[in-house]
Structure formats: structure tokens, C-alpha cells
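Two complexes, one shared chain (subunit A), two partners (subunit B, subunit C).
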Partner chain A sequence: MLATLSAEAPRFFTYWNLVFLATALGNTLVMVAVGCGLGVVAGLGLAVLRAKRIVRFAPLRWAAILIVEVFRRIPVLVLLMFVFFTFQLLGLNVRALFVGALAILLRSASLFAENFRAGLESVHPNQWDAAEVMNLGPLATLRRTVLPQAWPVILPPLTIGLVGMVKATSLASQISVLELTFAARQLNQRGFSALIAFGTILVLYFLLSFAIARLGAFAERRLVPKHRRA
Partner chain B sequence: MGYTFQWGQATGYIPYLAGGALVALQLAFFGFAIGMVIGAACAAVKVYGPRAARRAVDGYISFFTNTPLLVQIFFLFYALPDAGIFLDSYEAVLAGISLNASAYLAEIQRAGFISVRRSELDAAETLGFSRLQTIRHVVLPHLLKTLYAPLANHYIVMVLGTSIAAIFGVEELTGRALNINSITFRSFEIFTIAAAMYVVLTVAASASLYWFGLYAFRVRAKVF
Partner chain C sequence: MFLSIDALSAGYGAAPVLEGVSFAVERGEIVSLIGPSGSGKSTVLRCLVGLVRPSAGRVAIDGVAVDYASRAAVRGVRDRLAIVFQQYNLFQNMTALDNVTVAPLTVKRWPRAEVMEEGRRLLAAVGLGDKLGAYPDQLSGGQQQRVAIARALALRPEILLLDEVTSALDPELVTEVLDTIRGLAARGMTMLVVSHEMAFVREVSSRVLFMDQGRVIEAGTPAEIFDAPRTERAREFVTKILRH
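Let's turn to the complex of A and B:
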């Protein structure tokens, strides 16, 4: 197995193949960055919409719950198809990369909303009362009182969720987004062995996930005081 | 918009899709069962094994949790034939799902193993329990209670994960949706129904796992 690998390597790692893989890696990164970046914001927004202390209007809270409960129960592959064919229905001509990023956004927003909600609920209600006594508005309470105490609960599952999203982008290959998995299939179909084609992108995915895990650890160091880290 | 909905063409296939949902549940169940066995072995090695073996298991777990399931299955499906191992699509998908699950289940079970406190075991010894009695009356009830919620959770996640099988031609819920799509071309309608079925399926699975946990182990598990 190793012998075939080393025999094939010089033919596989040529300049243009590396450019091809780099383009694919770039598209994967775009989907992760755009989808998850907006997903974190939207997830926080959905969690806040669900918070009784902030939103007094019950139907708005129910709407937020419905969105989260529906979208986190749909597999990424089905979500991709759904978004893909919704644009067909609307008659809009968008790039496949955009569809991929949007599906990742919908999924990550609904998953992260649950993480944020668990974090917000982990803060004792007295903290909200105390902040209210200090005449802080609901959003100021959230930013200055609740979130700083919620980070220890939010960050670890959020990091795992982000790694999960990196892995979920591999499904965008099914709607022909040129990302890592799609690139590996193309290289495989051009005659390179599955071992080297898929092996290479497995390493790339691993490095990407590892980098995100490090990023999560860094955020934890910055936002969570030492005695509260797991 | 210029698009006319034709729900009638899609709704006729709902029983066919429901059959696919059963395949999804079954695939997740087999994957879960195999993953539990491999995961338990890995967890035991991680807690009690020698250093080198622990390192190896760590590598195994971080490989399977940090790379996409889809690529793992591609690898099994396309690279193993070079080594003389031929898997059909269902077997390759099941193998991929099981191996992937085993890494996550190993971590969950390890957390359970180390959560059994030394003092509980000491208390059992003081009461004169034999080794088997200790396992039966002290360790197992504790494990079932602490592990039920995360395990049930992971099962639901796996049910959603089985949709990947469609890419390899296994006719579960998503695979059947793709089939119908290529017959009727009512794509939007079909995938709306398929998505709704996944929501109903996982809500039903969550509810039944919650009730099962409540009656069998008296755990109020928050299931997905």
C-alpha cells in the first residue's frame, strides 16, 4: 500500500493538481467562514429571541423555537437539496457555492442556537434581577452580565459544532460545489487511486478541524477565567 | 415565480418514503450497536490500558471525529478494493457509520467509566459485595443513568447522519426521495416532504427514547 503511494505521489502532487486542491480548500473555507460566521450570529439571535427575560411577546419566542426545532432535525444533505430546489422554484440563478453556504448557515444557526440557549439558561435568574436593579436594559444585561458568565457553558459545544460544520461542507459536493470532497472525486475519476486522492483530503480535513479546535481553545482562554474551565 | 406546485404527485409516495425512514432507523440502529461494542473496547483501553495502546486509541478517535463521515465512507468504498476487500454499498455505509460512531461512543463511555467514584466502589467492598455484585448493583445502574442521555442523543444524530447513505445508493429516506425526484421531477415538493419526515421521525424517536429512559432507568433525559 505504501509502495503504491510513493510511486504515485510525484504524479499526483504536481503544480496544477495542487492549485486545484487549493481552490477546493478555499471553497470549503468560504462555506465554513460565511456559513458558520453568520451562523454564530444568527444562533445567538435565535437564542435571545427565545429568552423570556428579553422577549415579552410570546409568538415571537414560539417562532424562534419552531425555526430551531425544525432546522436542526433536517439532515444536511436534505437541507442542501431543499435550498437548492427552493432557488429553482424562485427562478433565481445563484452559484452552487452560495447554496452550500446558505445550507450550512441554516444548519449551524439552529444548532448553535441550542448551545447559546443552554449557556443563557445556565446563568442564575438572580443575575438578571440584579442587572435590572442596576438599571441595565435587557441587551446591556445580556452583553455585560449574562454572556460573560455563560461562555464556559457555550464555548466547548460551540467548538465541537464548528468542527461538525467543517465536516458537513463535504456534503456540498453533491450539489457540485468544487470543495475538497468534490476535488477528490474528480482526481479519483482522472485515474489517481482512491487511496491518495481521498487520503490527501482526509489529512486536509483533519488539519482544518484541528485548527478550529485550537481556535476554540484560544477563545476559551480569552473568555473564560481559569477556575471555570473544564 | 412561474412555478406551479404539484403536491399531488409527491404525496402519493409518502408510504414509500416512510419505508425509507424505517431503513434509516435500522441503519442507525445497527451502526449504533456495532459502534457501542468497538467504542466500549476503546473506552476500556483508554481508561485501563497501557500508555502505547492509549495513544493508539487517541489517534483512532481523533481521526474519526475530525474527518467527514462522507469521506470516510468514500475511502472504504473506493480504496479498500485495492486491498482486496470488496464491500457493497450497504456494507460500506454501515461500516463507515459504525466506525465513525465508535469514536464518539468511546468518548461518551469513557466519561461514564471515570464518573464511577472510587468511594462508591469502596462502599460496595465494605458491604462485602463480590466483583459481579459490584458491577450488577453499583457500576451498571450508575453507568446506565449517566450514559443514557448522551447515548440517546447520539442515536438521534446518527439517524440524521444516515442520509449520507443515499449518496452510495442505499435506498433509505433520502435515497428514496432522490429516486422519486428522478421519476416525477417535483423536486421542491419531494424534498419538503422528506425534510418534514425527518423532523417527524426524530421528534418521535426523541419522545420514545425519553419515555423509555423514564420507565426503564428513571432518567429524565433531555434527548436532542
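Let's turn to the complex of A and C:
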């Protein structure tokens, strides 16, 4: 196998193929940054919107719950198609990459919202009581005491979820976003072996996921005080 | 009349917890609420600070009625009353000093140097001058409760509400917390106390209210309530409690 690979490598790693792969990697990174990155922020937002101690206006909480429950239950591939065809029906001509990033964002946000909710709910209600009677507002309470206590519960599953969503960006190849999986399939169709084409993106996906896992570990070190780490 | 409570009622859902509770607290007075579990003592305190919305009745401070439906009014009340909880409810992610100073700094926006100085002084006053940087889970229950008392005092309340502050403590830790409260009593702090420590209640209270099933059954001086209860229910409770 190694012999086949090394024989094919000089023909595969040409300037144009590398540019092609770099473009694909760039698009994957855009979906990760926009989809997953904003997904974390939006997930926190959704979890906050459905928190009773923060949002007293029930319809707003219901709306957040609806968004989370709907998008969490749709397979990513179906969600991609849904977003894609919705834009088409509306007659809006948007780039496939935008559709991919948006679908990943919707999915990430609803998925991560549950991580955040679990974290917020793991903090004892008496912390809210104590803050409330001292006139500490809901958002100040969230920022100063609830969220810091919730990070140990939020971060490990959030990191796993992020890595999962990075891998899910590969599904955007189905709506012809030029991302890593799409690129590998193209190269394979152009006559390069599946071994080298998919082997290359396998390494790239691994590195990307690994980087995110390290980022998660870093966040844990920064956000969870030493004496409270598991 | 500093704090007056008139026909206060409250309930969680359909079940009434308080039914027409009335009493008053004068400045400098220590009023204690006693009675069996579930009699509504803690709910009175939780109503006063706006954690439980009263369903009927009137609460007035310095003669001005409090509208618990108005957020601004509730915030105003909380500026004047402070509560200490049975489970201390210290912020677990903050040191003792941060627990004491967070509200004065972020809510009151008092000058930082002054707040930190006051925080250290208050913690020293409750005997925790050497635990400023300790987190709640590094402190004993009694120490945590004393931090909670310091935290409540840091807001300079006009009245301190104590909700069974020794009930969650090991017996040998109760004394240190009660001594702290005795110190406050000696300095003339107005307090509304819910407690099962009958000897303590008898010693510090100006007046004692006996509650049962959401009502005040009997009110009087400690001597009246403990030595000569007028109602059968109070007599039964007092004899049971004092027997051990």
C-alpha cells in the first residue's frame, strides 16, 4: 500500500491539486468557523432565551424551544437540502457555500443549545435566588456566577459536538460545495486512486478535529477553576 | 412602625401556604418565627424579598406599601432587606471576599477600595479574616454561613432576615453562627428570624410568633410563648421541642 502511495504521490501533490485542496480546505474552514463558531454563540443564546430565570416572557421561551427541537431532529443532509431548496423557491441566488454554512449553523446552534441548557440547569437554583435578592440582574448572574459554574458540564460534550459538526460539513458536498469531501471525490474521478485522494482529506479532517479538541481542552483550562476540575 | 405585614397570603400553585399572616417589626427589634416544618415561616421571608409573590395582603416599609408586581418596587425592597438562607447559597465560583463584595461593586457601584476594605472588615468580624481567598467548598458549613451573613451585611440592610440559618449545620458548628448573630443583636440590628433553636430564640427575641398551617397562631414575648402558651397547639409544640 505504501509503495502504491509513494508511486502516486508526485503525480498527486502537484501545484494545481494543492491549490484545489487548499480551496476546499478553505471552504470547509469557512463552514466550521461560521457554522460551528456562530453555532456556539447562537446555542448559548437559545439556551438563555429558554431559561425561566432569565426570560419571563413565555412565548419567547417557546420560540427558542421550537427552534431547538425542530432543527435538532432533522438529519444534516435533509437540512442542507431544505435550506438549499428554500432559497431556490424564494428565487434567491445564493452560493452553495452560504447554504452549507447556514445549515451547519442551524444544526450546531440547536445541538449546542442543549449542552448549554444542561450546563445552566446543573447550577443549583439557590444561586439564582441569592443573586436575585441582592438585585443582581439575570444577565449579570449568568455571567458572574452561573456560567462559570456551568462550564465543567458544558465544555466536554460541547467539544465532542463541535468535532461531530466539523465532520458533518462533509455532507455539504452533496449540494456541490467545493469542500474537502467534494474535492476528494473530484480527484478520485479524475483518475487518482481513492486511497490517496480520500487518504489526504482523512488526514486533514483528523488534524482539524484534533485542533478543535485541543481548543476545547484549552477552554476547559481557562474557564474551569483548578479546584473544580474533574 | 418599620415593617408591617397585613393579612399576607401566598401559595405555590393552588395550595395555600400562607393565610392572612399579620405582624409588625419595629426598628431594633428581633422578631422570631417558630413553628413546625411547613407552617409557612420561610415563605414569609421569601415573600418579603420577592422570591415568592404574595397572592393577597399588604407589606409596608416605613408606612409605604410595597407593590410586589412592580420590579422597581421589589428592587427597592431588596435594597433595604437582606436575607440569609438555610443552605448559605454562596456563589460557588467565588472566594469568600468576592462573595461579600460582588453585589456592592456591581449592583451598588460603591467605590472599589471602600467595598474591599469593608468586605475584609466584615469577614474579620465574623471570624474569617484568614479565609478571604477561600472558596465555599473549602469552608465548613459554619464558616460558609458566616460568609453568607457577612455578604448580607455588606449591602447595609435595614433589616436582616435569617431563614433557619443553623438548620443545615452540624451541631458543633451551630454555636459559632449563633454567636455571630448574638453580636449583631447586641449592636441593635433589626432582625426577623426563622429558627428551630428555641433556647437562642428565647434569648435574643423581643417578640416570638408561633405559626402553624400558614397562620400566626400566637404572638407574645419569649416568656409568654415558652412559659405560658395560650393555645393548645402552641403548648403542644413548645413542650415537644423543649423536652429534648
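Observations
Methods note: the second predicted complex is superposed on the first by the 230 of 230 C-alpha atoms of A that agree within 3 Å, B and C clash if a C-alpha of one lies under 4 Å from a C-alpha of the other, contacts with A are read in each partner's own complex, and residues count from 1 in each chain.
Here is the rule we use: contacts are C-beta pairs under 8 Å (C-beta built on N, C-alpha and C of every residue); 3 or more make two chains touch, one makes a residue touch a chain.
The model shown is predicted, which means the values in this text are computed figures rather than measured ones.
Subunit B and subunit C, once both complexes are superposed via subunit A, fit side by side. Using the contact criterion defined above for the overlaid structures, shared-chain residue A:Ala58 touches neither subunit B nor subunit C, since it reaches no partner. Across the overlaid pair of complexes, the angle with its corner at the CA centre of subunit A and arms to subunit B and subunit C is 100°, in steps of 10. Of the two partner chains placed by superposition, only subunit C is touched by A:Pro225; subunit B is not. Of the two partner chains placed by superposition, A:Leu2 touches none, neither subunit B nor subunit C.
When the two complexes are overlaid on their common chain A, residue A:Glu132 makes contact with subunit C while staying clear of subunit B. Legend: residue contacts after superposition of the two complexes on their common chain; A:Gln174 is shown touching subunit B, with no touch to subunit C.
Per the superposed model, the minimal spacing between any CA atom of subunit B and any CA atom of subunit C is 25 Å. Applying the stated touch rule to the two superposed structures, the subunit B and subunit C interfaces on subunit A have no residue in common. Across the complex, subunit A meets subunit C through its residues 126-127, 129-136, 140, 144-145, 148-149, 225, 227-228.
Put simply, subunit A touches subunit B in their complex at residues 1, 4, 69-70, 73-79, 81-82, 85-86, 88-91, 163, 166-171, 173-174, 180-181, 184-185, 188, 193-195, 198-199, 201-202, 205-206, 209-210, 213. For subunit B in complex with subunit A, the residues that touch the partner chain are 1-3, 62-63, 65-72, 74-75, 78-79, 82-83, 160-164, 166-167, 174, 177, 187-188, 191-192, 194-195, 198-199, 202-203, 224. The touching residues of subunit C, when paired with subunit A in their complex, are 49-51, 75, 78-79, 82-83, 85, 87, 89-94, 102-103, 106-107, 135, 137-138, 151, 155.
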